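The chains carry the letters A, B, C, D, E, F, G and H, assigned in the order they are written, with residues numbered from 1 in each.
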Amino acid sequence: MSPDRLRALLARVAAGTLSPEAALDEVKHLPFEDLGFARLDHHRALRVGFPEVIFGQGKTADQVATLATRLLAGGHNVLVTRLDAATAAEVVPRVPGLVYDAVARTATCVVEPPAAETHGTVLIVAAGTTDLPVAEEAFRTLEAFGNPVERLYDVGVAGLHRLLASKEQIVSASVLIVVAGMEGALPSVVAGLVDRPVIGVPTSVGYGASFGGVAALLGMLNSCAAGLTVVNIDNGFGAAVAASIINRR
Amino acid sequence: MSPDRLRALLARVAAGTLSPEAALDEVKHLPFEDLGFARLDHHRALRVGFPEVIFGQGKTADQVATLATRLLAGGHNVLVTRLDAATAAEVVPRVPGLVYDAVARTATCVVEPPAAETHGTVLIVAAGTTDLPVAEEAFRTLEAFGNPVERLYDVGVAGLHRLLASKEQIVSASVLIVVAGMEGALPSVVAGLVDRPVIGVPTSVGYGASFGGVAALLGMLNSCAAGLTVVNIDNGFGAAVAASIINRR
Amino acid sequence: MSPDRLRALLARVAAGTLSPEAALDEVKHLPFEDLGFARLDHHRALRVGFPEVIFGQGKTADQVATLATRLLAGGHNVLVTRLDAATAAEVVPRVPGLVYDAVARTATCVVEPPAAETHGTVLIVAAGTTDLPVAEEAFRTLEAFGNPVERLYDVGVAGLHRLLASKEQIVSASVLIVVAGMEGALPSVVAGLVDRPVIGVPTSVGYGASFGGVAALLGMLNSCAAGLTVVNIDNGFGAAVAASIINRR
Amino acid sequence: MSPDRLRALLARVAAGTLSPEAALDEVKHLPFEDLGFARLDHHRALRVGFPEVIFGQGKTADQVATLATRLLAGGHNVLVTRLDAATAAEVVPRVPGLVYDAVARTATCVVEPPAAETHGTVLIVAAGTTDLPVAEEAFRTLEAFGNPVERLYDVGVAGLHRLLASKEQIVSASVLIVVAGMEGALPSVVAGLVDRPVIGVPTSVGYGASFGGVAALLGMLNSCAAGLTVVNIDNGFGAAVAASIINRR
Amino acid sequence: MSPDRLRALLARVAAGTLSPEAALDEVKHLPFEDLGFARLDHHRALRVGFPEVIFGQGKTADQVATLATRLLAGGHNVLVTRLDAATAAEVVPRVPGLVYDAVARTATCVVEPPAAETHGTVLIVAAGTTDLPVAEEAFRTLEAFGNPVERLYDVGVAGLHRLLASKEQIVSASVLIVVAGMEGALPSVVAGLVDRPVIGVPTSVGYGASFGGVAALLGMLNSCAAGLTVVNIDNGFGAAVAASIINRR
Amino acid sequence: MSPDRLRALLARVAAGTLSPEAALDEVKHLPFEDLGFARLDHHRALRVGFPEVIFGQGKTADQVATLATRLLAGGHNVLVTRLDAATAAEVVPRVPGLVYDAVARTATCVVEPPAAETHGTVLIVAAGTTDLPVAEEAFRTLEAFGNPVERLYDVGVAGLHRLLASKEQIVSASVLIVVAGMEGALPSVVAGLVDRPVIGVPTSVGYGASFGGVAALLGMLNSCAAGLTVVNIDNGFGAAVAASIINRR
Amino acid sequence: MSPDRLRALLARVAAGTLSPEAALDEVKHLPFEDLGFARLDHHRALRVGFPEVIFGQGKTADQVATLATRLLAGGHNVLVTRLDAATAAEVVPRVPGLVYDAVARTATCVVEPPAAETHGTVLIVAAGTTDLPVAEEAFRTLEAFGNPVERLYDVGVAGLHRLLASKEQIVSASVLIVVAGMEGALPSVVAGLVDRPVIGVPTSVGYGASFGGVAALLGMLNSCAAGLTVVNIDNGFGAAVAASIINRR
Amino acid sequence: MSPDRLRALLARVAAGTLSPEAALDEVKHLPFEDLGFARLDHHRALRVGFPEVIFGQGKTADQVATLATRLLAGGHNVLVTRLDAATAAEVVPRVPGLVYDAVARTATCVVEPPAAETHGTVLIVAAGTTDLPVAEEAFRTLEAFGNPVERLYDVGVAGLHRLLASKEQIVSASVLIVVAGMEGALPSVVAGLVDRPVIGVPTSVGYGASFGGVAALLGMLNSCAAGLTVVNIDNGFGAAVAASIINRR
């Protein structure tokens, strides 16, 4: 949406010939910026409640840097996910203010603080040390979208006492993201302890018959704890987006 | 938890020797009723926010009737899911007040109106006519848990105008459950239109390479619409529980 | 092995021309009875530690009855597994003393009490009511092989308190068989609580992405609880054989 | 087919002892050139409507260069697909006129303009930026076969407005190739908008439960939009051949 | 679209205040009839080039009869696919003029002859006798959409001479649908013989490692004959729709 | 091939204008009888070494009876495989001389004794009683094609002594067909004992993770006994054809 | 558990105010050390019968070294599994006493001899040379836990005589671990020879349809030798833990 | 078998106290050489008809060189398969006379010409250029075992004329090995043309839904050409062993 068009629109609102709701509706669905290789969605936040995020995997450093620069030019915060270290090394120097997190494989640049009206704290529970990249991707995303976040890591079901020792923290969360590889049983156990939304994230951690996370995914989909919902294998970002939407007042 | 034990507990609260929080905590985790073939969880609602529900599939009429009777005796509402018509015909006459819905394959008996403090209306969107049993299982569950619910059916992505014609209804829902078989694309499209939580339910509708709902499940797990969460194939009940927890104020 | 041959063998042992060990060895590996459609292994118990058992699935009533009769004629106890009700109705009247258990789908006839030198009690833990047929197949097999057995049913991981309420019973077992369908997480949790052998039995209980027990099987194979071993889906019999061998002094 | 043989054949046509149709028929099915490691089909265009194309994957630089040189010697245009950059670097200097496209991974050399009698323009629609290599392989192939081609990229179903903004372009195409990874829903939506042939190309873009493009493939095969046909994962070339055959007058 | 609305629209066209193209565009995308369990698309033919077809599988006789009646009331021809014999026996008496074909499992009622401007004849080639139901579903659909159709059955690749004996018929078709189960190799062979569009339909014919048609599906997707496109297993209808769109002048 | 055409052909041979080899070649590839639903291959034996066999599965009683009658009319022996009991009950009375074997699910009618020049005896080895239908299908096929055949049943690898007791019989066979379900290990063990061709036939016998014979199939394909070849699950017929071709002198 | 807390506990036991059993129970379930990225379980041996072991795969050298150092500080023996050579090269110099085994990919440091009350010798049987890494992982683990261990390698079922030549050694073992890739048949054969517990370990050795060990895994799960239990593909460690628990007196 | 033992055995034969058959039998099953990491089978040729072959994949250069040296020391020819170029570069210099073929990935050293009594020529047919490594592995193996061999390459089913042009060569082979990737249809077509044994070898050539050769494998297993047998994906060696056994007089 060009500044001119937006100006004209607002003028009509000001003049009373367009209601604010109608204006909002128009702004929600039209605008994107055609970069040839991509159509950048500057108004995604208005429409679906969270801003355009750059999925780094499979994109060249050039493409990522261009998209990040255009978002910043539009006054948006930047979040890049699935950005490997090599690409990040090329992108970061070209985008002032961009900060890379090697564990979470994310890059962020905050130009205006995200809105913060939430129901409470989102808790990220992870079964093992090797699940951290996925858990931290969720952490960075939740942070970028303005949620209070806490972490509870290495509490797999084969040592229940480690989980139960943190029961206070668990039951007081507003939304829970539970990250687990291997048999993926942790979300079932956690969902049986709380009365708040629980989102399971299977990870590709494991070997042999874990089939790259399929065992964990099936474990969560077939959970005997009703009410658990699930996202794709290793999709810490998607779980964080869902948790953020739920947590938004 | 026997009435005596509960009485003693409350007496201690009354006497000030037990704080209400401690009492609640004790009540939450202990009690179940051992029926031999099952351990009935009378206090599930206190712990996880929704009452014990009877999963009918694979249970005999005898087992279902006994469980329903025990729940009623405990003063709980009854919801039986996945109850086929033949078993229902045996169970219903034995449980006064139980009502069977042949499309949703549920039986319900409401003895006290469910609490009704919700954020708004849950909307169930279904792609095709043959997805109705799953959609209606979700409907009955949401209703039983006290949520306002609306339906929007037969709006598959191959005829977008049928979906877009109901856009008002879609964007004003508080939580959305989107039910689809075959390619399972509908939740992606819906999640791209709203800023509220969307839960996808793949169904086993289809043939050939739908593999009993696997195609739809994979479609939803790999959605390009971030924030979509997913439940097991045909699990209308699970989606409704998740939506109900999210929708609870 | 014909009686004559056995008599001759024993005569040589008696005469000191054959050591008892050598005689045992010969007896162990040679004898079977060729029935045309089957080669009945009368000395399996000597060789692998448990007697020939009749796998009923896919066999005609005629074949089952013949095999049972031949085993009885050889002085062996009879255990038939996977015997559906229809076939059982034909077989039982033809084999005096045979008793059918419709839940476990087994038929047994005990002519001499099984040896009873064991390390202790085998505990069968089952996640849900619908897992009972598999759990009871294990029960009947353990019983037939002379083990003390206990049951602990309907203690799924979504309601941990029901499991933990029986912790005494769990930690005092000598061997544990843990039966679970759906996500198959129960064996992981149990194996994290005890220092005795735990055998997981996935069941085909579930729907959708449970894929007839595959989800539970993968859950157990990928357990984060090291030391858990697994048998085929619904194979209560196999788990019981393994437990019995371990439990034998 | 040796020049001599072709000369003799044409002499017979000229003399009226062979009808042109009979001559064409003979030319269609016989000739190929045996290179030892390959049998080069010089007359494929006559038989199936498009010339022999070199599939570069798994071939050595030597083999590719030899095949390209032989095709040029036969007076044919050259199209190499699935040619990785390393092999291309060896092949290109050895084949005068060959041009490599690193995104499409194709190499082409046009010695005579392809015939151009078509029904209209083929439109390539791609869901995301990372689908470009497959889309561009289709583009180069369509171009090589003489079709007018247009591109419409980054119009995934989670932001329908980006697609609908180009509806004019979509409905005026003569044939459509729709390229999508992840859930592969875009072809269903596009096929619901037009009355022209739509060919879906699933791509291996994605992670986790996308299973290297299987999710997208299943999504397209199970499309609720009847009339959609599908090719193998990442097979931009195959889709372009099919579209070219359909588009040929 | 209500008659009134259509009348007003046409009045504006008549008055010159709306161009015919704009009117057509509006008519194309809006109208459907909400039957509660379904949204009947009366103008599908205008939009995607073929009329609304009733997919019978999973629908009750009541639903099918209602939909057929509503279509007839709208002046449309009726085609029901995947209609099993039992449902057909209930539906046919309730819909005057409806004719059932037990092999193809279709029911049709033609009230106005379909438009007939085509490029030529569609040829349906089937590998074996057991592929007939799928081939005949395609036949009935092509017929219903106004295409000249021919059949060539039982010409599997293990007896090439049976196929090659009909080469004239094969090369003179305008579009070819090739139906095959088991290894699904026939479409590859046929596509190597012609220069016209070939659509492969894998069938679920086979046993063991045919996995309900997966072997045939994979065979066609991986065809070495470029340009072959594929539809879902047993989807004779979808292939016919695609062929019909291609064949339409 | 019409009688007239055959007569003319033979006349040319008689006159010395056609060599016998050329005549044989022509007879081999042309003739089939078009029955509409099938193209009956009367000369298959000449071409591939075994006569046309009727695959009964998925065919109506009418189709089977017609095909059998036409084969008999052509002077050929008849073998029908995969003929279920219900269809057989309809077919047998209509085809004089046809004999049904309920275990093998075959029907045969021998009008001229099959040629009998073989290298020796084919031995069919089967792991268990429930593998008999597949083993007997192979038996009936081998018999129909004129091979001496022997059987060795119920010699699974968990009781090696039962197999080794028949080692003489095993090593003296000319070709071996080894039939096994469950883990499918028997062919590996047998192939390690002999220096003759071994063909493995996986069966669908098993449950749970046998996946309808996939476990046995994979076991045989991955055999550490080099030289073992494999056919489809339950394909006793195919194994017998292969063994018969190998065994033919 | 801090030294202070442990001291206080023991003081109460000494004073007779806490029974030894109660003290043991408390010690068993509470203590772990929170390292941020991991919760180190210092008392696992008390609870499940074997000490905390470090799973090296997916951990950084830093994390492994820290965990090993903390375990040593707690007076525990150290066993690291799945430690690749590169990480080992960084870890070993930082942890005094740590010894790396490149075949088994384990690192060990023994500070106090493990308890040695066992039932006998554990025998590790491996089918082929390429199965050695998995077999040796089991060997190092069994050794670390104080079991007498023997090896029997390269005795695949295609050359039974190599296996049978060691029958004495096989039948005298107390527990057997049988490691095999490809078709995974060896455990079935071994389990048919002995009356002691047999644990099968499928390996990822193979190619093509071995699917990374799936063929071997399925072979073992579907074994006709009842009583065989199985662990995950390549999980030599898990098999050794199970064997060790069984072997412990 | 030690020389002494062999000497003694032969002495008994010479003395007439042992029949030659009995001696052969004893020699067949006993001897192997225990190298620690492997048990080398010096008499495999006597038992199963082809000598011990070294499977190079997963073995170290050291292990391969040791095994080759030991075989040569025993007077056997050496064939190493699946030997990658890097390992070969280390092995070849250490084993005098060993020759490496980089396409077939085999190394051979012939010290005595293999026996040559065969039924005829084995023909290797390959569908495409990229199937050559597998076809050549078969070629080298057949050659090593003393068979006359011919090649026919790049004759895929999409250009039948290339195959049919060599029909003479095809029908005159004694055994045929048909190698194909992608859809794997070539063996079906070839088996329909000949009356000799045909062995299909699926290759991992392809991409996308070829799933590393699974599509080709399934195509061959489900072939409509009865009598085709199949080996594992890429198993040119196994096909050659089977062909060699069949071809041996």
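The definition used in the following text is that contacts are C-beta pairs under 8 Å (C-beta built on N, C-alpha and C of every residue); 3 or more make two chains touch, one makes a residue touch a chain.
Being a predicted model, the structure only gives us computed values, none of them experimental.
Using the contact threshold fixed earlier, the set of chains in contact with both chain A and chain H is D, G.
Look at the contact of chain C with chain F and you find different residues on each copy: under half of the numbers used there are shared. Taking each chain's centre as the mean of its C-alpha atoms, chain D lies 43 Å from chain F. The mean-CA centres of chain A and chain D are about 38 angstrom from one another, to the nearest whole unit. Centre-to-centre separation between chain B and chain H, using Cα means, comes to 60 Å. In chain C, the residues touching two or more other chains are 128, 159, 191-193, 208-210, 214, 217, 221-222, 225-226, 232-233. Screening every pair of chains for touch gives A-B, A-C, A-D, A-G, B-C, B-D, B-E, C-F, C-G, D-E, D-H, E-F, E-H, F-G, F-H, G-H. If you check the complex, the residues on chain A that touch chain B are 47-50, 53, 191-197, 199, 217, 221-222, 225-233, 237-239, 241-242, 244-246.
Against chain B, the residues of chain E that register as touching in their complex are 29-30, 32, 36-39, 41, 44, 55, 57-59, 63, 82, 202, 204, 212-214, 217, 232-235. Chain E meets chain H in the complex at residues 127-128, 156-160, 182-185, 188-189, 191-193, 206, 208-211, 214-216, 218-226. Residue ranges of chain E in contact with chain F, taken from their complex: 128-130, 132, 153-155, 159, 161-162, 165, 205, 207-210.
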